[in-house]
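Two complexes follow with chain A in common, the first pairing it with chain B and the second with chain C.
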Partner chain A sequence: MHHSRLKPYWMILPVVVFMGIFIYSILNTLIQSLGILPAAGLNEWTLSYYQAVLFRGDLFPSLQLSLYFSVVSSLLAVILGVLISALAVRTGFTRKKLFQIFKVPIIVPHLVAALLILNLFSQSGIISRVFYQLNWVQSPQQFPSVLFDPYALGIMLAYLWKEVPFVILMVVTIMEKIDGSIGEAAVNLGASKFKTFYRITLPLCLPTIYTSFLLVFAYSFGAFEIPFLLGMTSPKALPVLAYVEFTHPDLAHRPYAMALNGIMVVLSIMLTYVYYRIFKGDQKAKAGGGYQ
Partner chain B sequence: MEAINNIELKVLPKTILYITLFSVLLPLGVLLIWSFAGSWPWPNLLPKTFSYRVLAELFGGYSGALQVLFSSVLISMVVAFASILISIPAARAIAFYDFLGKDFLQFITLLPVIVPVTAFAMGTQILFIRLNLSDTVIGVVIVHIILCLPYTMKILTEVTEATGNKMERQARVLGATPYQTFRYVTLPLLMPGIIAAGSMAYIISFSQYFLTFLVGGGNIITFSMFMFPYIQSGDRTIASGYSILFIATSLLVFILFETLMKRYYHVEEVYFFN
Partner chain C sequence: MKNVLSVVTLLLLILSGIGCSQTPTPAPSSAQNQSFESALTKAKGTTVNFYGWGGDERINKWIDTQLAPNVKENYDITLKRVPMDIDQILNKSLGEKQAGKSKGSMDMIWINGENFYTAMKNQLLYGPFTQDLPNYKKYIDQNSKEVQYDFGYEIKGYESPYGKAQFVLINDSAVTPETPKNAQQLLEFAKKYKGKVTYPAPPDFTGSAFVRNIIYDIVGYDKIASIGDDKEKLKTAIQPAMDYLKELSPYLWQEGKTYPSSIAQLDNMFADGELVMTVSYNANSVAGMITTGRFKDTSRSLIFDKGMIGNTNYLAIPANASNIDGALVVINAILSPEIQASKYDPKNWGDLPVLDNNKLSSQEIELFSKIPLGKGVIPQDQLLSKRLPELPADLIPVIEEVWQSQIPGKK
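And then the complex of A and B:
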């Protein structure tokens, strides 16, 4: 009896150990961000590093930049992804072999995605060459520099190339299931196809859509590679700036890096909490409505 | 009038779908051409000369690319295997048992994909130095496993919940030992989930740059790290060639993984190439 009550704890033990390492590391980051770093002679709790990040002219633009490109690219990725999923489901495209192509970007790492965008959109890239053939530009310099630009277009293009297919693959499975069962019933009962999609299929897909937004946003907000390879030198995205501060030769600089990380951690965990609230609410609605 | 509308309604969705597919494939096509480009001056749409510089670099040079590729594949396979191994019992616990902190565990295992990787990587430093894990392969494998657990846990929990444990109970009632039950009932039922979770874990580990770089301290070179300076410095031919090699290797590993599993377990449903 006693043995079987302990059994699930034994089964989760390895995962708990690994998650323990993860939590311990994050706590370490947060503690250092609050000014505790004995190795550098810092022993007093302070919020001054957070103040610096939020109010100092050289650090705050990074937060703005990171929020801007991750929100815009994730929203676009989700909208496009859902739209294309809907089209693919409606036209039966999901059953075609060609649909498998959407799986390819999943195995392409983000740093290669950055290279793809460089190959296409740099001033000597393919798009610029096509523009020359069309007589729109006469020299590479005339091609608008969409990379390393203040609007972070290159960064967002790279994320879109990776994340739109990711959203499609997440959403399409569930959408197909719903459309096949409930959608058909609604159409049989006289609802138009568009109405069925908008009123029934889409709402039932919302949990998955929220999940895909959360994953895509959290990734683009916290990732290093793409903004490092395709971003401007100033302002830098938060993770890039955090890395620069982290490698500063003066160890006493480290809490700045950790405060930048701290802000990212707090924002992403807050978002996850909001997601859980919405998701839980949605599950209740689903249970009440009798769909499962 | 209605006929025209109908045609438009059919043509427009298809056009959009094909444009999307084209935007996925075009950059990859350009990548492939670049990897064999010798001289490719602006504004030519195709290279002037072709070269096999990438192949020479790979097989002839002192770059060590192949050794790095090989050890990198090995690291990622170990990560995928270990992630699955520790996720299977935990997923069963979540699916079939009630225990204290179950919700909390599920929430926590989601966090590594949410919390920025920089915050995690920089936070490990003091702990890993103390445990003598920084700059070691084991350290890199540990942090990779942590990043994979959200995916392997979610996939395997879903599959375990969906298959249930009725078949296993049946096997036990009919006299199978716990080992036989696991080997001949549980494992084959879980196999589609294991393939999906394993592929995901492999690719997460294989693609990882920043975490490997920070925890491995430049001592542990994976193929992603090896490629990075070429992409950064703008040697398009070598960078593109290595990228193609990266993608091809992943595809090969997946195909190998799936055919092996299919041969032993007769799995119909697969994740990547159905």
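And then the complex of A and C:
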């Protein structure tokens, strides 16, 4: 037996195991959403749970809310992240030790981010108290309530705090490299700094920017803790709706939760496909444009 | 090679899990009526994994510093507390059942109400076991409705009483001299302190109890109880209470457009002064909150004239528990006057005892009567005279759904 020939297979084993568990849970979700849960006495295949979920009044408001805050927060995160990266590269700030501070929010869990926002922005929070002490508001209640609000500002603040640094992490190294090599060449050939950024650096960074948008979007669309802690009672974000169904005391209700999860899975797959198309189109465009 | 083996084993386990989820699992074992003495011997030196709600630091501390050392000293049992919400406990239990795991990770669980109903319906519990416990036979009033029925569902020996809870409102007499005695006065109170009153959104356990208490006050407990199991009739009957909650909502925190998602958030906002009222399903919790300095000295419990909802909470043993003997011994110990008294002490937990006072000796009664009750608390006899039973477990989600569809965000 040749050890070396087997080596690659051994090395991908962890990934295989991980993917196995992942695919198993997705399959399990889909099976349960189709009404198969023997432990709760459900043994018949049916689409009735999807039907019930699709026709319940709160699905579309929830879906709308989830799409709204994940699209807006991800777009803002990407725009801010790219702008900060560009500024940091231009000013040489990336080489300073202090710049590494942007990594802190990436390490902090989302749950803690939600509590941080809660402590800062609630009406009994730090900012409201400072305003009150400075006599800018007559009582802490006058402080505008940015949490639990219909515009999901609290949720988006928490996501921005987490995601802007993530976008920076993804973009800044590549941007620095391009700026240092091709960018410099362009400047030497007489392009203005703005033109260099707009025509050279930014287009070359686009694949990374798309990827980071997709990652950030997929996370905020599917994650539960931040909308649970900072969202309104109604409408609930889609994952919160699924959680409430999942924790329904009647186990026969489980397929409803799984049908909601199934809808989220389908939407995520669709969005990934769209991303894949955009990404491929971009690759082709670039090949045609002769950058590579 | 070892790694590969473990990976293969893991894959096999996963695959066997897939297989098992397709086949029905056998019914749980029934109690073998073994003698308690043999359980005592077998339980020596073992560990009991106690799963239950862990959201109250004082309860956790009582289990860790009073209950656990007691069973270690008397029975040589290590009690391991695992904090977990009951819905997750049931999900875990169901998961273990699906996977056909016969030696489960949970030995003893804290449960009641709709969750007990669900656990029984899905055959997740071991039993009947209460008749095996000497202290159960000695100290518990077995004719009491609260010992026979849990939220209207017959217990049949699958649960042993752990503590008694009763719902109260809490405000601070230094901030709000008013003591609302019914739902109407609560509405006046909310109007006066506009934006500073609210309650947790159901399905939060305490928020759901608040809504039921309002239903009792507006519609009347007897009227609701007489409906029985008819969900449609229930929906019609509770409508006046829903109308009241709609009328109340514009005066609530955030103008009732949204509600706190948990009781912990409500307590925090009350402690911060963002709210002037909180609620609790533990009638004595205010004393403990004052002792730990979270609430002001002038905080106090309030009850409605028509009465407040109360329940008994219980301990049960999962059908696939690994250490049934240990769990039996610990549950028996919890039914002793010493442990119940230590639990009753507001300094520790302040939970109402479950023992029958008529069955206690005068010395045992003294264990309870010598405990100072603490600040802001309503005496036990007054609470018991205003105690209303819980509704049948399967009706509670119906009320929660009605609330969810009518109250939040609807203006």
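Following the convention adopted for this analysis, the second predicted complex is superposed on the first by the 247 of 292 C-alpha atoms of A that agree within 3 Å, B and C clash if a C-alpha of one lies under 4 Å from a C-alpha of the other, contacts with A are read in each partner's own complex, and residues count from 1 in each chain.
The definition used in the following text is that a contact is a pair of C-beta atoms (placed from the backbone, for glycine too) under 8 Å apart; a residue touches a chain by one contact, two chains touch by 3 or more.
Computed from a predicted structure; not experimentally measured.
**Q** For A:8, is the partner it touches chain B (first), chain C (second), both, or none of the two (neither)?
**A** In the superposed model, A:8 contacts chain B only, not chain C.
**Q** Of the two partner chains, chain B (first) and chain C (second), which one does A:40 touch, if any: first, second, both, or neither?
**A** A:40 contacts chain C only, not chain B.
**Q** Quick one: is A:24 in contact with chain B, with chain C, with both, or with neither? Answer first, second, both or neither.
**A** In the superposition, A:24 touches chain B and chain C alike.
**Q** Output check: A:239 vs chain B and chain C. Expected answer is one of first, second, both, neither. What do you get?
**A** So A:239 only meets chain B here.
**Q** With the two structures laid over each other on chain A, which partner does A:161 touch: chain B (first), chain C (second), both, or neither?
**A** A:161: touches chain B, not chain C.
**Q** Does the superposition put A:229 against chain B (first), chain C (second), both, or neither?
**A** A:229 contacts both chain B and chain C.
**Q** Who contacts more of chain A, chain B or chain C?
**A** The partner with more contacted residues on chain A is B.
**Q** According to the stated criteria, A:135 is in contact with first (chain B), second (chain C), both, or neither; which is it?
**A** neither
**Q** Touching A:124 in the superposition: chain B (first), chain C (second), both, neither?
**A** Both partners, chain B and chain C.
**Q** Show which residues of chain A both chain B and chain C reach, each in its own complex.
**A** In chain A, residues 10, 14, 21, 24, 27-28, 39, 124, 140, 229, 246 are touched by chain B and also by chain C.
**Q** Where on chain A is chain B touching in the complex?
**A** Those in contact with chain B are residues 7-12, 14-16, 18-19, 21-29, 32, 39, 83-84, 87-88, 90-91, 93, 98, 100-112, 114-120, 124, 126, 128-130, 132-133, 140, 161, 164-165, 214-215, 218-219, 221-225, 229, 238-239, 242-243, 246, 257-258, 261-262, 264-265, 268-269, 271-272, 276.
**Q** Across the complex, what residues on chain C touch chain A?
**A** Per the stated touch rule, the residues are 3-4, 7, 10-11, 14, 17-18, 21-25, 85, 87-88, 90-91, 94, 97-98, 113-115, 117-118, 121-122, 195-196, 201, 203, 254, 257-259, 261, 269, 272-274, 393-394, 396-397, 404-405, 408-410.
**Q** Which of the residues in chain B come into contact with chain A in the complex?
**A** 10, 13-14, 16-17, 20-21, 23-28, 30-31, 34, 42-45, 86-87, 89-90, 92-94, 97-99, 105, 107-120, 122-127, 142, 145-146, 149, 153, 203, 206-207, 209-210, 224, 227-228, 231-232, 234, 236, 239-240, 243, 246-247, 250-251, 254, 272-274
**Q** Which stretch or stretches of chain A touch chain C in the complex?
**A** The touching residues are 10, 13-14, 17, 20-21, 24, 27-28, 31, 36, 38-41, 43, 57-58, 122-124, 140-141, 145, 148-150, 228-229, 232-235, 244, 246-251.
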